[in-house]
Structures are given as structure tokens and as C-alpha cells.
Amino acid sequence: MGNFPILSFITFLPIAGMIIILLLPKAQTLAMKSITLIITGIQVILAGFLLYHYNYGMGGINNPATFQYIEKFRWIEITGFSWIGKIKIDYFLGIDGLSIPMVLLTAIISFIATLASWKIDKAVKGYFALYLLLVTGMMGVFVALDFFLFYVFWELMLLPMYFLIGIWGGPRREYAAIKFFLYTLLGSVFILLVVIGLYFSTMETLVDGSKVFTFNMLSMMDTHNFVANGILSPMNPHNLRLIAYIALFIGFAIKIPMFPFHTWLPDAHVEAPTAISVILAGVLLKMGTYGILRVCYPVFPDITLKLVWWIGAFGMINIIYGALCAMAQKDFKKLIAYSSVSHMGFVMLGMASLNTIGISGAVLQMFNHGTITAMLFIIVGVIYDRAHTREIDAFGGLATQMPIYTGFVTLAFFAAIGLPGLSGFISESFVFLGGFAFETIRVITVISTLGLLLGAGYMLWTLQRIYLGTVPEKWKLLKDLDFREYAMLVPLSVIIIFLGVYPSFMLNLMNSSVNSMVKFMMDSRALYSSITGF
Amino acid sequence: MIHVGLTHFLFISSILFSLGIFGIVTRRNAVMVLMGIELMLNAANINFIAFARYGNFGLQGQIMALFVIVVAAAEAAIALAIVLNIYKIFSTVNVDEIDTLKD
Amino acid sequence: MTEFNLIQIAVAILFLPLVGFAFVLFFGKKIKNAYLFEISIITVTFILTAVLLFNKLSWFPDKNIVSEFSWIRIQNLAVLGNISIDLGFLLDNLSVIMIFTVALISMLVHIFSIAYMKGDRLYNRYFAYLGLFTFSMSGIVLTHNILMMYIFWELVGISSYLLIGFWYEKKSASDAGKKAFLVNRIGDIGMFSGIMLIFNTYHTFTFDKIFTQMAAGTLPFNSEFWLTVTGLLLFCGAVGKSAQFPLHVWLPDAMEGPTPVSALIHAATMVAAGVFLVCRIYPILTGNALFIIAVIGALSAVIPATIALTQNDIKKVLAYSTVSQLGYMVMALGVGAYKFAFFHLITHAFFKACLFLGSGSVIHAMHHEQDITKMGGLKKKLPLTYATFLIASLALSGIPLTSGFLSKDGILQGTFAFASLTGHWLFPAAGFAVAMLTAFYMFRLIILTFHGEPKNKEKYDHAHESPFVMAMPLVVLSTLSIFFWYTPNPVNADAGWFLSKWIKSPVLSVPQNARYSFMKTDVVSSVSKEGIADINNSTTVEGKEIVYSEAYTEAMHHAHYPAMFLSLLVAALGIVFAFIFYYWKKISADKLAADIEPLYKLSFNKWYFDEIYNATAVAFTMGSSRFLAWFDMNIVDGAVNGVATVTRWTSSFTGKFDSVIVDGLVNLVAYFSGFIGLILRRFQTGKVQTYLVLVVFSLVIILYLFKTF
Amino acid sequence: MSIYDIIFYLFAAITLISAFFVVTIRNIVYSAFFLLFTFFGVAGIYVILGADFVAMVQLIIYVGGIVILMLFGVMLTNKITSVAIKTGTSQIVPAAIGVGMFAGILTATLVNSHWRKVDTAPLLPTTQSLGLMLISEYGIIFELLGIILLIALIGAASLARK
């Protein structure tokens, strides 16, 4: 394939689909759905292609030479404002071991969520156009290496999401959409601040030897590129790196969502249509943790090392708090939403461990949580489609009524509580093993193991309340799964079981990058202390 | 008193700009909001032309100012059309009474 | 037969039940007799285990056959180097005997279930679950590393969840399944913490490598205290699975499952897994850890025995008896009687399976009546069941000529010797007390069920002896409860092949000064034997077994006959009392119960464990969960909404205040607070202009931060 | 203080004072008239800056076009008979504080920046050179602007017709 810009292709393909859909007449809903399905299908194939040709030995993280499928050219260049200097923004894409699992996840979840949107019948054209735009935004975030571009994709994904929740959502959709939008926008503002700050603190040396300010993330990771008196340069004795780090972290943490910024999540999930919940939980939440790993960690290793206890502690709070809140929910979807909060806590805990096992566990957990939660939300969607309620106590005995569906439910629930043989187990174990190995967060890790118990508690309790027992008279007519629902649940189940028995498939993929990350963090400890002189 | 130079013009433009914002933020009538926007556009234009004179650009600044004026005209036309529509629907042009964004 | 063949057989043994599970699960709907496939699979598995057992014991009696492969490999770690997480098999005598027992009992339970479960709606599904359960249990037994053991440990938990809650339409059944899983999970968390400690210290999960490194002097955090902690944390897993005090509450509830399941789970497999785990990790248990284990074991032996006295549900009595017997084994492990503990595990598996299946036969005959006060006189109707049940009860009570006598005697002997060396006489006291209680409640059960007059005439008349497929397992299991399978000498098991040849106590890896004093390697003796005075070497020169001190051997020897006669005496006493109370009715049991009502109530209500847990742990969790949900809804989320209300109130108040006193400064303060409110408010007044003001302020802040002057 | 300076201050005063009235006075029609003066002042400033053509365009389009448009807007959206041609104001104080701070910091930034200035060129007529640029260098943009205007025209007409 040589120089074929496959990353751009995979990112912007949905935009092409969007244009086609916009050109179609309103009544052609089937064509719109098919086009979306085909486009996302092609994305899955392309992601498979990326995977097939992926070089497992290349680490990425801070070294541009070890990124793969790189595309880099000048995107915006303004000269002439001689007193500001040149403005130069690159179009810079590339992937490494951190991004490729996320690219895969995005492709798979988008495809499955397309199937989940099949029954949308309100303003179909708008829905699928926005949906494809959303897919582009998500994919872009995971492949962008220029901070400005990253930010553009980050914002690009925000707007369609707002409309998708706000128009196709449940009864309180506008409230939920606004809440989602403002929360994330707040996060974006924080991120933007830091982007600008970093821009004015980093200079890149061009081929001709001249220096320009840069948005290149990889340049920001190299201490040589910092301007001596930039406000975010470590050499500047009055630098604002700590504040900037916290701002950036909060920006990403809102997406995770980290306690106490998580309250948008239950509302957004409850109101969003099934497919959007799937996307939201499956991919969007990962952007927060991905952003932290991609930006916060390597750009601010000095601060990360200082604050790592806090990251772990918030991870712990997420795990336990989310689980306890989930236990008390009466709405099935809200329960799953809180379980997401709990499971994302594992990711944070794993990130805080700063060693290969823990971070591998965290990245793997991102992928696994994506698939498992997607499955859980589809499960909620299936029951909501039929019964038009999500009240847990309204159900009972569905195992008798819908045995095959209950089989899938059991699988997903067991995966969510980390049953061995299913994918959740390895990632959670790795997170714990990694966390325990790191002295700073050892106690936190041990406390977090309580999450295993609580998770099992609320999941099994839900299983019992909805699926076990006897069927109330009014649900006697519920039908078991149809073909479309099989098509969504079977692939996810296969992935969950496959990664449960053969986790090396994913772990090998990310191994070099995680190692580079850990090595980079370890080296930075000495490097930054020599720069700042304390 | 120093000779009039670049900074004087910049001063004028920044004050004009701020007044524009003030108008947008405080006035309740949609048309008044539009007027505020026009003020801001004019402030920007002053900057363009001032830099065209004191910077090393030739006439590029003036060209840009022309473009701005043209776009402003288009914008004013569209905006007023929208205001008329709003008036038809809500029977008011007071922007603070139009808060469907809230729910 | 080479080692490689044995490994191949082991692989087949492990995965055949899984194949059965998958097949029956997927085709159970379409093929009516899919369960026959599962049964033939399990029969093949059993034959394979028999082959494995025979070959291992005859050709490689002293060899540990290991086969492993790398499951996950993580390379170039910054600190640790490459790490490989291996999965693999360990075939030693312990595991082949255990896997044989598991497969045998599993097969018998399968066969028994053919008749017992006949006509159930989910007949095929039931056999699929049995297959899954057998697979998980085989995994625990055959594995060579702690992580894989944990994996199958959890799988056992989940398959027991499915089996206990098999009749999920009954609330009590699904409750029991959930409770079993959650209580187990508590133990598992401890176990997982132990695994984290192990991994953090040794960077491997494989038992052998852990033992070798520990023997070479590597300890968790370089301290014996943490070694003790590690051992106890791992033991937590056993506390959960083997239903030890204080986590024993799930087991009696688990009787909600079908009776053959109770036989499988609560006799030979799931609960035995805990004891098996302790046997596996025995080399890393320090003296202190063992002592605590012994205490837990003693408590678990005594408390449920007292509860079993007053229960009226035939399965509940057996369930508490199981807990009590498991406590026995754990206590035996704790006091150093390793061999006898494992021996009791095996013998107990057979006779307890026999008892459970026998009770299944009774329940089947009585049309699902489980209350023994409503039975009676069944001896005539169910002669075969009665005979087998009696043999198994005799074994459980420890009457000579039975297997139970041998193993129980050994355990009592062990506690006796331990007490004589260390002075903890409470252990033998507990042991003998439990022996008496056991004999008493078992014969109470037998008398009430099989003797006397039938109390429910109608059901009695319809009762009939069970069909062949139910009777056959009973006969097989009751024969296995006789002594001659284990030793030629009915009063001394030491001479038998089981203890002298097959079961070897493992070499300890624990540092010398952390062991029981009688397990310290006797340096002098090794000098005298080997002529080497190298202390560091002394742990390894002795070869394959724990080196007990001569004093201990002596004490064991002396304890043999006292323990034997005393245990016989108390068992006989127990039986006699049972007859006095329930057969001859010389003393009214009801009257006695009324006389000591508080004690009776305590026992009848299971020492109020469930109530206490419900009132504390469960209530606390549910309470905090409700509180946090409220907190989340009203405080965290309301921090936004609530502050908005307050701010609105504030601004309206200040607005009024402002209109009364026109004061610029106050005005400013008020609006400033209003401005803060604007930020904290839901950010959604809906008015673009308000947002714009915010934008302006933000711009001011940004410009100020990035100011160039 | 040269005559140049005096003219500058004159126009600056016209601009700022009338702009101030635009945003503060209650009657919208008066506001519109003050807007006219503001534009006029701005045009004067353009002239001082040597942008004669732009100044003319400013006068023609703004003073002649946009202000009239605004007035139409006012008239069409207010009942002439009622007294509602006045506009209310909201959140004056926070806005005043915010905008004041903003103006201060913006002015400080602009004034304190070290602009790289070149010597002012002599004032020459610009119309011809602007025209040349518009049809050569900026030809495409010029065309595009034409299209935008057309679209705006059609759009506004169709919007207002609804």
C-alpha cells in the first residue's frame, strides 16, 4: 500500500458517507442506514488492515520515528505577521500501541452501534449524517498527533453528540444534552487553555534551522524544545506547569468521568438512544483516559510523578463510589451507567501504577470496558424496545421468557464482574497486580479490591431481580432476540471470550508502547529534576 | 503631547470593540445586539487599516477591511431577516425572553 | 506410559467436561437426549482419571510431573525484565487422587441425577452446568500455579452459582446462589490480595518457583510477618470456598439447589477445594499462620456441630455436618497433621456424597418432603437407602471398620500430639466434643427418618425404593466408606498404602524460625545422618517430606491409642444418647429443649449469624449505597443545581437589597456573587447574553494570564 | 499639535461618544442615528489613515445601507403606536465590570505591545491599486464574496417572506 494515507482515509471516510446521505432524498431511509453500515464496515476492515500490518516492535509515545502509518504535512501556515512569528500547524497523524486498540474499538463499536440505530425512525437523515460526523471525530482523536488537530477532532465529536442526545433522546433529553454539552465544553476550555500555553512554550526547529512555535505533541514531550521563559517550560522557575496539568487533567477527567465530575454521565445515558449510549460508553469515555495517557503523562511527566497518588486515589473513589451508587439505582440503564463509572476507575488505578503491568492492564481495560459496556447497553436497549420501561423492579423471570437473551445477559454480567475466561478478568487483575507493585498506591490498590465484591453484588442482584424468579403476567408476550440483535451481541461476545482466553493478542499489541511509556516516565524523573534543579 | 501614531488608533479600536460587546451583552432588543456587532466589526476594521498603514503590508489590510464590510452587509441582511422571523414567532425581539435553549 | 502420555490424559480430563458443557448448552434445545452425551463424556473422563491414577501411582510414585506453556508474556519491563505468566499442569499424588475422587463423584452424581431430575423443564441445561462445574473443579486440582487456580476458583464459584440457583424461579434459590457467590467473593478478595503479594515478591505464580525462591530466603517485604499475612490471605480463599467460620453462612442456604448438586458441591468438590488449596500452599504457611488456621478450623468444627443438633431439615443437618467436618480438616492442617487432613478429605468426600445422595433418595421417595419430623419408619420402604445411609453415618461418626474411623482417629491423634507438645489442649477437646456431637446428630437423623412410626401416612404410603440409577451410586459410595480400600489394618491407617506410599507431606519453604518448633529441621539429626553441619542446606537434604521432630513422632505414637479409644467412647456415647432421646424416648427432647431454651434457640437459629451479618455488613453496604446514591443525586449533582437555587435566591435578595440601598459597593459585591452564581449555576439560563458575559470574563482571565507586558 | 492630530482627536471623539450613546440610550431610533454618527467618525479615521477608498465604501455601505436596514428592522418589529421603541437593558453592572476589565486589559495589551512599525509612507490615492488587487491577486475571493452576497440576498428574502 506504500504511501496510501490509510489513517486519513479511515478518519474521513464517514464524512464522505455523510455527504452522500445529505444528498439523498428524505424518504430513502434504508439507503441511509445501509450506507452508514457499509462505511462503518469498511472502517472495521481498514482497522483490521492496520492491525495486520502493524509492527509490534515499534514503541511510539515520544519518538516520531517509531510511530506507524505517519501522515504529516503543513496544514495551516501564516507568515508575515512578523512580530508574532510564523503560525504553523501540522496535519500530523500516526498510531502506536496506545492508539491502535482504541482505533479498533472505535471501528467495531461504531459498526455495532449502526446496527443498534437501525430502528431509528425520527429524522433518519439527520441522525445518520450526525452519526457519521461523530465517528469521524472519535476516530480523529485517536489518530491525531498534533495537539491543535487533536483539539479540533475533540470538539468535532462534541457537537453531533449534543444533537444526537438532544433530538433523538428520551423525555428529558434537552436537559441531559445541555448538561453533557456544557460539562464537556467546560473540559474543552481547560484543554484549550493548556494547548495555548503549551504552544507559546514550545518551539520546534525547522529544516532550515529557524525556530517556530509548535502544536506538535511529540515536540512538547522533548525538554529541548521548551522556550526558556515560556509559562509552561520546566526551566522557567515561575512556571505554571502544576496548574496547567490540573486544568488539562480535569478537562480529560470530565470525559472519563471522574468523581466528582461524573454526574452528566447517568443523565446522558438515561436519555440517549441505545446506539448513542453504546458509543458514549464504548468509545467516548475512553477518550478521557486516552488523552491522559497520550498528553498528560508524556508532556508533564514531572507533575504526573508528583500527583500519581491522587490519580490512584480518584481511581479508587470511582471504583467504590460508582459501585455503591450503582447498587442503589432503580433504573437499569442508570445502573449500567454507574457501573461504567466504577469500571473506568480501574483504568485510572492502572494508569497510576506507572509500570508495564498496570498500564497494560489499564489500556486493556479501556478496550474491554468498551466492548462489555457496549454489550450491556445493547442489552438494556433490547429490553427497553420490548417493554418500554427500564424500571428494574418492574421485571422478573425473564430467563424463562427469553432464555437466549438471558444467556447473553449472563455472559455480559459475568464479564463485567471480572469472571476468569472473559476479558474483564485479565485487565482487572493486571491493574491490581500493577498497582500493588507500585509502593505509592499499594494501599489504595488493596482497598480497591473491594470493588470486585461490590461489582459482583450489584450485578448479581440485578440479574436476580430482572431475570430470575417468575415472570409477571404482563411480560408473557416478550419475544426473544431477533436477527439484528444477534448480529450485535454475537460479535461482542466472541471478542469478550476471545480476549478472555487469549489476552496476549491485545497485550502484545501494546507492549512496546507501554514499555516506552514506562521508560520515558522513569527517565523523566532524573531529567526533570536536573532541569528544575530540585 | 505625543504625535498621533499606531497606538492611538489601536486605543480607539479597542474602546469601540468593548463598547460593542457592552451593547451586545446589555441590550435586550435583538436589533440593538446587531448594532453592537457592527460596532465590533468596525473596531476590527480600524485595526486592519491601522496596521496596513503602520505595518509592512501594502494594501492588504485595506482589502481585508473591504471584505469585512461586504460580509457585514450580508450578515446584517440575514440577521435582520432572522429577527423578523423571530418577531413573527415569539412576538418579541427581546433576546432574554427567547430562552428555549434553556430546556 | 510416559510422562507425556499422562499430561495428555490430564488435558483430556480437563477439557472433556467443557466440551460436554458447550455441546449440551448449544444443542440441548434441539437434541432431546443431549444429556446422554454429557453423561458419556463424564464416564470417559472418569475412566481416564482412573488410568491416570493407576499409572501415576505405579510408575511415577515420587515424581511431580509438570507441563506448562506461556500464556501471557510481557517483555522488557523497566524493572522486572521479562515476565511470563504460565499455565500448566502439575501431576503429583495429591492431584491425581483428588481428580480421581472428583471425577468419580461427579460421574455418580450425573448418573443419580438421571432419575432424580427426570421431568425438569431444563433437564439438559442441568447436565450442561454439571459439566461446567466438573471442568472448573478439575482445573483447580490439576493446575500448577496460583493464578490458574484462582481462575478456576472463580469458575467454580460461578458454576456453583448457576447450580445452586438452578431453580431460579424460586426466590430462595436465586438468593442462595447469589449469597454463595458473594460470600465466596469475600474470601476470594483476600486470596487475590495474597496473590498480589506473592506476585509482587516472586514475579511468578508457579507453586514450585515460589517455594524454591522462598526456600532460598526471599520473603514478602523481607519479613516473616508478611509471610504469615500472605499465607492467611490465601487461606481466606479457603475460608470462603470451604465454608469456614465466619464465612460458613452460605453453605446451608446452598441446600436450595437440587440434592445431587448438594452432593457434588458440598461433599467432594467445591468445599473440598478450600482444603485442597491449603494443602497446596502448605509449604509457605508459617507457624503463626497455621495456628490461626487451626483456631478457625476448630471454631468451624464446633459451632456448626451444635447447630446441626436441632435442625429439622434433612439437608440442613448434612450441610452443617459438612461445615463441621471441613473445620476438622482445616484444624488438622493447622496442627500439622497434613496427611490425615487430606485423608479425611477423601474419605469424607465418599461418605458425605453417599449421605447426600441417600437424602436425595429419601426426598425423592417422599415427594420433596425434607422435614425429618414428618418422616419416620422409612426403613421398611427404602431398605437399600437405609443400609447405605447407615454405613455412611457410621463412617461419619467414626465407628471402626469404616474409613471415617481411620481418618478421624488420625486427626484426633494429631491434635492430641500437638497439644501435648504445645499445651493447647482446647484443640483435642474441640475434636472430641465434635466427634460426640456428630455421632449424636447423625443418629438422631437416622432414627427420626428411618425408624419409629411414619408421621405422614399419606406420603409414607406412596414412598418407594429408588430406581437402579439412583441406587447404584449409593452402593458404590457406601462400599468406598469401608476401610479396606485404604489400609489392610482396620485400626491403624499408618500401615496402609494410602498414607505410607501415596500421600507425602510437602517440604516446607518457610524459614526455620517461623515454623512450629516441632517442624524445624532437626539440624543435629541431619548432621548425624548426612555428616554435614550446613544449616542452609538442611532444609533440602531431607528430601520429600516435612521433617517432624523426634518429639513429635514420639507424641504421635503415644497419642495413637488414647485418641482412638477416647474417640470410640465419645462416638458411642453420642449414639447412645441419640437412642435414649429419640428411639427409646427415655428423656423428652422437647422438654430438654424447653429447659435450656436460650441455648436451644441459639442453636436452632444458627447462632444468629445471618441476622448479625444482615444487620451489620449487608445493612451497612446497602445503607451506604443508598446514602451515596442520595449524595450523588443531591449533593454532587445538586452542587450544580442546588447552588443555582441558592444563588438565585441570593441574587433576588441582593436585588431587593440593592433597590433599597443604592450603594455601588454593595451593588458590586452582589453582582459579583451573582456572577459566581452564574458560573456555578447550570450554566444554562438559556440566555446567550449571560453566556457572553461569561465569555468576556473568561477572555479577561485568559488575556491576563498570557499578557505580554 | 498639528492639524492632523486635531482632526484625529475630533473624529475619535465623534466615534467614541456616539458609540457610547449607541449602546446606552434607551430609544432605539436614537441609537440608530448615533450609530450613523459612529460610522461617520470611523470613516473619518479611515481617511486619516490614508484609506480613502475604504472610507467611501464605509460611508456608502454602512451609512447609506446598513443603518437604513437597521431602522427598517426597528420599525418592522415594534408597534409604532406603542411606546415600545425603547429597549430594555439587562445585567448592566456585571457587564460593565466585565467589559471595563476587558477594555482595560485589551488596551493595555495593544498599547504595550512592541509593534514592529515601519516608517509611514506618504499618503497616496489607493483606489486604483485596490481595484487592481481585487481583480488580480484577490480575484477568486472577490468572486466568492459576490456569491456570498447573492446567497445572503436570496436567503434574506426567503427568510423574511416566510
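We call the chains A, B, C and D, going by the order they appear; numbering starts again at 1 in every chain.
To be clear about the criterion, a residue touches a chain if its C-beta (ideal position, glycine included) is under 8 Å from a C-beta of that chain, and two chains touch if they have at least 3 such contacts.
The structure presented is a predicted model; accordingly, all values stated were derived computationally and were not measured.
Chemist: So using the touch definition from the top, which pair is joined by more C-beta contacts, A-C or B-C?
Modeler: By number of C-beta pairs in contact, A-C is the larger.
Chemist: Kindly work out which chain lies most centrally, taking the average of its C-alpha atoms as its position.
Modeler: Chain nearest the overall C-alpha centroid, as shown: A.
Chemist: Let me spell it out: compute each chain's centre from its C-alpha atoms, then which one is farthest from chain D's centre?
Modeler: Between chain D and the rest, the longest centre separation is with C.
Chemist: If you average the CA atoms of chain A and of chain B, how many Å lie between those two points?
Modeler: The mean C-alpha positions of chain A and chain B differ by 40 Å.
Chemist: What is the distance, in whole Å, between the centres of chain B and chain C, each centre taken as the mean of its C-alpha atoms?
Modeler: Result: the chain centres lie 76 Å from each other.
Chemist: Take the average of all CA coordinates in chain B, do the same for chain D, and state the distance between these two points in whole angstrom.
Modeler: Chain B and chain D have C-alpha centres separated by 7 Å.
Chemist: Which parts of chain A, given as residue numbers and ranges, touch two or more other chains?
Modeler: Residues 82, 178 of chain A each touch two or more of the other chains.
Chemist: Would you give the residues of chain B that are in contact with at least 2 other chains, written as numbers and ranges?
Modeler: Those would be 21, 25-26, 56, 96, 101-103.
Chemist: Going by the touch rule set out above, which residues of chain C reach two or more other chains?
Modeler: Residues 684, 689, 693, 696.
Chemist: In their shared complex, at which residues does chain D touch chain C?
Modeler: 90-91, 93-95, 97-99, 101-102, 105-106, 108-109, 112-113
Chemist: Once bound in the complex, which stretches of chain D touch chain B?
Modeler: Touch residues, chain D against chain B: 1-2, 4-5, 8-9, 12, 15-16, 19-20, 22-23, 28, 31-32, 35, 38-39, 42, 45-46, 49-51, 53-54, 57-58, 61-62, 65-66, 69-70, 72-74, 76-78, 87-92, 95-96, 98-100, 102-103, 106-107, 110-111, 115-118, 120-121, 126, 129-130, 133-134, 138, 141, 145, 148-149, 151-153, 155-157, 159-160, 162.
Chemist: Show me the residue ranges of chain B that touch chain C in the complex, using the header's touch definition.
Modeler: Of all residues in chain B, those touching chain C are 21, 24-26, 33, 95-96, 99-103.
Chemist: Note which residues of chain C are touching chain D in the complex, please.
Modeler: 667-668, 671-672, 674-675, 678, 689-690, 693, 696-697, 699-700, 703-704, 707-709
Chemist: Tell me, which parts of chain C touch chain A in their complex?
Modeler: Residues 71-80, 83, 147, 150-152, 154-155, 158, 161, 165, 168-169, 171, 174-175, 178, 181-182, 185-186, 188-189, 192-193, 196-197, 199-200, 621-622, 624-626, 628-630, 632, 636-637, 639-640, 682-684, 698, 702, 705-706 of chain C touch chain A in their complex.
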